[in-house]
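Pasting a structure here, questions to come.
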Amino acid sequence: MHSKVTSMREAIAAHVHDGDTVVIEGFTHLICFAAGHEIIRQRRRDLTIARLTPDLIYDQMIAAGCARKLVFSWAGNPGAGSLGAFRRAVEKETPPLEIEEYSHFGMVARMSAGAARLPFWTMRNYMGTDLPKANPLIRTVTCPYTGEVLATVPALNPDVTIIHAQRADQFGNAQVWGLLGVQKEAAFASKRVIVVVEELVDQSVIRADPNRTLIPGMIVAAVVVEPWGCHPSYAQGYYDRDNDFYVAWEDISRNPARLEAYLQEFVYGVTDRAAYLRKQPELRDRLAAKDLICAGVNYGF
Amino acid sequence: MASKAAPAADQAAAAYSPAEMMAAVAARELANGEVVFVGIGLPNLACNLARALQAPDLVLIYESGAVGAVPERLPVSIGDPSLVTGSLMVCSMADVFQLFLQNGKIEVGFLGGAQVDRWGNINTTVIGSYDRPKVRLPGSGGAAEIAIHARRVVIISRLNARAFPAEVDFLTSPGQRCRGRTRTELGMPGAGPIKVITDKGILENDPESGEMVLTALYPGVAVAEVKANIGWPLQVRPQLGLVAPPTGEELRQLREVLDPKKLFLG
Amino acid sequence: MHSKVTSMREAIAAHVHDGDTVVIEGFTHLICFAAGHEIIRQRRRDLTIARLTPDLIYDQMIAAGCARKLVFSWAGNPGAGSLGAFRRAVEKETPPLEIEEYSHFGMVARMSAGAARLPFWTMRNYMGTDLPKANPLIRTVTCPYTGEVLATVPALNPDVTIIHAQRADQFGNAQVWGLLGVQKEAAFASKRVIVVVEELVDQSVIRADPNRTLIPGMIVAAVVVEPWGCHPSYAQGYYDRDNDFYVAWEDISRNPARLEAYLQEFVYGVTDRAAYLRKQPELRDRLAAKDLICAGVNYGF
Amino acid sequence: MASKAAPAADQAAAAYSPAEMMAAVAARELANGEVVFVGIGLPNLACNLARALQAPDLVLIYESGAVGAVPERLPVSIGDPSLVTGSLMVCSMADVFQLFLQNGKIEVGFLGGAQVDRWGNINTTVIGSYDRPKVRLPGSGGAAEIAIHARRVVIISRLNARAFPAEVDFLTSPGQRCRGRTRTELGMPGAGPIKVITDKGILENDPESGEMVLTALYPGVAVAEVKANIGWPLQVRPQLGLVAPPTGEELRQLREVLDPKKLFLG
């Protein structure tokens, strides 16, 4: 078997195409900003970008003109406020952005259906809310046993899903700890999967603790080794969330010129994530994780 | 989202902020051993205040998948790493929504919103029309399903007439009566919002009508002051309760332990 | 909070009642024979016993007269052959036993629906097979998006589920590694959960590695500390599967008198699992696991 | 389940057992890097033989949840601890069936059964009627869904007329034509059984009719010998293949490494 390890530039060039449905998942934890920046640098257009919480990275992709449509369940700046580019697009149509909106449970259910290759997923949800009026894809099904009417959402099957993990081997067998979000479901739902990791490890490291594996290599198209690839998001055990930057985004994103200047300096103005990090040498001191190593368990028999 | 309340008129109230009072009142809602779905900000402060005082075995669940979290610092987001470290369990979000919430395991959910209406319906989606919003808000997140499934919901929101309209512009999270239909008619498992904790007093749902009525005032607040900040003809319970101000211990925990930088108590 | 730790005798007496639907889960791994034996000793009757693979323990419960009905997907002696008491009950009605039969995926789906408190679960399955004819609870639903007709099974919500785990704290927060089977789903589907463990540990052990927790204490009614409680099944990292006993069961279970003699000696004839182990002091030498401890991971931030 | 075949007539065949031949032939079905759903017994031996020879990167998945297993001893059950230790991933059975199998990730599934019929349908449920069975067999396990979803299925079964009836008593796992309807009509994702590896030769499905026809013989076996052990009028392909006997290396692996105690090769 050949190694799947490649650069972020190659991985995005090969697997993210104009018009694709793209998912960069991670719930607060392990959001791969490095991949989003490379998509912006490669000037992808007409993307449908989907994730539960668009977060700053999708705000940047919207501002950069990559997105035709956003599929989401909570579009804010977590713990800090609003997403400026998203709000301008929706409130003022500058630029216009189609939206398709669910709740978190609805988005999780869409990914679960996609991962199981079922056309829909069933929930007890949405009764009384205006969400089905805003989104006619929220429908109902009748239980063949009880006659109850239950809510449904359609499967989401992205063209490409990008998952950041703490570590993987060269074939993409990836291990994650800390918050798991919907990353497993998003990966299995997707036609192609790019796994980005803090550390490339020998396969023996993966095989030593198989219960930690979240994504099997067989569904992975490319492996990118990108330490600190999540900043300003975080990787448990590697670096903390850069809350200062999330707070700063309020002002940056409120002002289109300032947002553009940010993109020029930190996205277009750098060649890759290594260059992005060289611009900010203080990040390591401020955010590097302290050690808190758990004990291992016995896999013997 | 609600604008800042005017400073309370009397001297006693001046010794603590409206946010401190709201956090203390919210914390008192929680019994030891309960399972709470926690949001960021005041709900998180309230839950950790309750843990420090009457409810050491409160189980905090965050929609990010942390169960039994014991954050050693003030979490600034619902997915903060401090919610993972030392927690009892980390699970996928599919498990959070299916195995915990839809399964009926969540006893209390805290919610807030840009608009709260007469029936406790919450809007966190848009001000104005959905297709041409005046203000685009973040949307539901997990709020819609929390409002449907948590055994009871407590709403925390500062009073003002724009934030408390007779009817929400967009019904994100269902209250006691949704566009004319009751929770029972709609088949919702949870009891819905049974209390709205504001910065001036407490509203509770009338068991018959489902309407949110004023049941208790904070020290120094007059009924008229509440009514002036609510967008429907507010019913007032004949025997109005008087809510005790934060105790010294409540204030000490909030100020010295939980939010010393006043990120949420400011 | 009060400790939930109790004896197997107390746990079964309090939580398993005549007529209950009982699940002792574990797929090959972590099947709690100790609980099954205590149910036999306490002479429970009219139980509906459900699990994917009835295995030897349900064969023993059927032989002992505990079961009115069996819900299952594969009723054999794994790797060795047949279940004698099950076969006599179905082929010769001695004693009669009602059966309700699915495939593994169907049973997993029933548990998943039960755990999510949905009335049914959807699959792409069963087309062309005779299983829906044999079991009218296998039905169909029509997708509200594509019009496809998909298979359904009804939720299974046991009265009590018994899960064996490697370790738990006194409140039932339980950690498992190695094969996971459908134990999480079965536990969440159940009205009551008994967690049986190889080791009771301080809560700090659980909190040091929260990603390993499979069952949260909030759904657990009782915790029983029962080392070697799975024998002849196994516990990864503690003891191996006793394949010799599985092979021996072929002869024991083929002959009702021999099966009864087995029950008299190893179930009725002992007061509890400790006594069962004292009768077989050689088990430890033969089956105790070797050490193969994995490395820990960093939960710091 | 099928009774033991009579010893092969010629001398060459006497140098290896029918089980060894079946395992070797099954192993040759597997290409490097494929993802295989493995059962216990001969399929497990075949997969590990293929791993040792032409397919070192074969990914073995067991329905118990072990993915990429590298058993260091012969697993005696599908949930053996040796399948976990050193594997690439352990997942829940819900994931096995939903995310791997139903998702279409399994390229090859090996199945066996008490009865295999003209269309490759398999019965592992009952001999006789379902309500009053003469012999109660274990049931489907995961076989029904493997037969439906695996991209292709290989059946391994010893020949005899009772084990190869024209139509199975109970259709547990669907073949190419089920009670008159094709896989396409029934909407099945996988290609179904494309090969039946027996102890005398190989059957393959006719692409037009879906019927299992004889396509290759083992050394020393005559067509009549196969026909005598099959319960329907067996079609025979005009150019019959001759299957090479196990190589020395295949036999060495099977006998010395994989099953030295002859648990499954006996």
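The first chain written gets the first letter, and so on, giving A, B, C and D; residue counts start at 1 in each chain.
By definition in this document, a residue touches a chain if its C-beta (ideal position, glycine included) is under 8 Å from a C-beta of that chain, and two chains touch if they have at least 3 such contacts.
Note that this is a predicted model, so its numbers are computed, not measured.
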Give the chain pair, either A-B or B-C, that is connected by more C-beta contacts. A-B
From the C-alpha centre of subunit B to that of subunit C, how far is it in Å? 41
Euclidean distance of C-alpha centroids - subunit B vs subunit D, Å: 59
Which integer distance in Å separates the CA centroid of subunit A from that of subunit C? 37
Between subunit A and subunit B, what's the gap in Å when you average each chain's C-alpha atoms? 29
Listed in rising order, subunit C residues that touch 2 or more other chains are 117-118, 123-124, 148, 177-178, 180, 184, 208, 211, 234, 236, 240, 292, 299-301
Where subunit D touches two or more other chains, by residue: 66, 81, 84-85, 90-91, 102
If every chain is a node and each touching pair gets an edge, what shape is that graph: line, ring, star, complete or other? other
All pairs of touching chains, please: list them by chain label. A-B, A-C, A-D, B-C, C-D
For the complex, give me every residue of subunit B touching subunit C. 32-33, 35, 57, 59, 66-68, 70, 81-82, 84-91, 95, 98-99, 102-105
The subunit B residues in contact with subunit A across the complex are 40, 63-66, 76-81, 83-85, 90-94, 97, 101-102, 121, 125, 130, 133-145, 148-149, 170-174, 178-179, 181, 183, 186-189
Within the complex, which stretch of subunit C touches subunit D? 27-29, 52-53, 72-76, 78-80, 82, 86-87, 90-91, 101-105, 108-109, 111-112, 123-131, 133-134, 148, 177-182, 184-185, 234, 236, 240-241, 243, 246, 292
Could you please specify the touching residues of subunit C with respect to subunit A in the complex? 117-120, 122-124, 137, 139-146, 148, 150, 152, 154, 166, 177-178, 180, 205, 208-209, 211-212, 234, 236-240, 289-301
Parts of subunit C lying in touch with subunit B, wherever the complex brings them together: 1, 115-118, 173, 184, 188, 203, 206-208, 210-211, 213, 216-219, 299-301
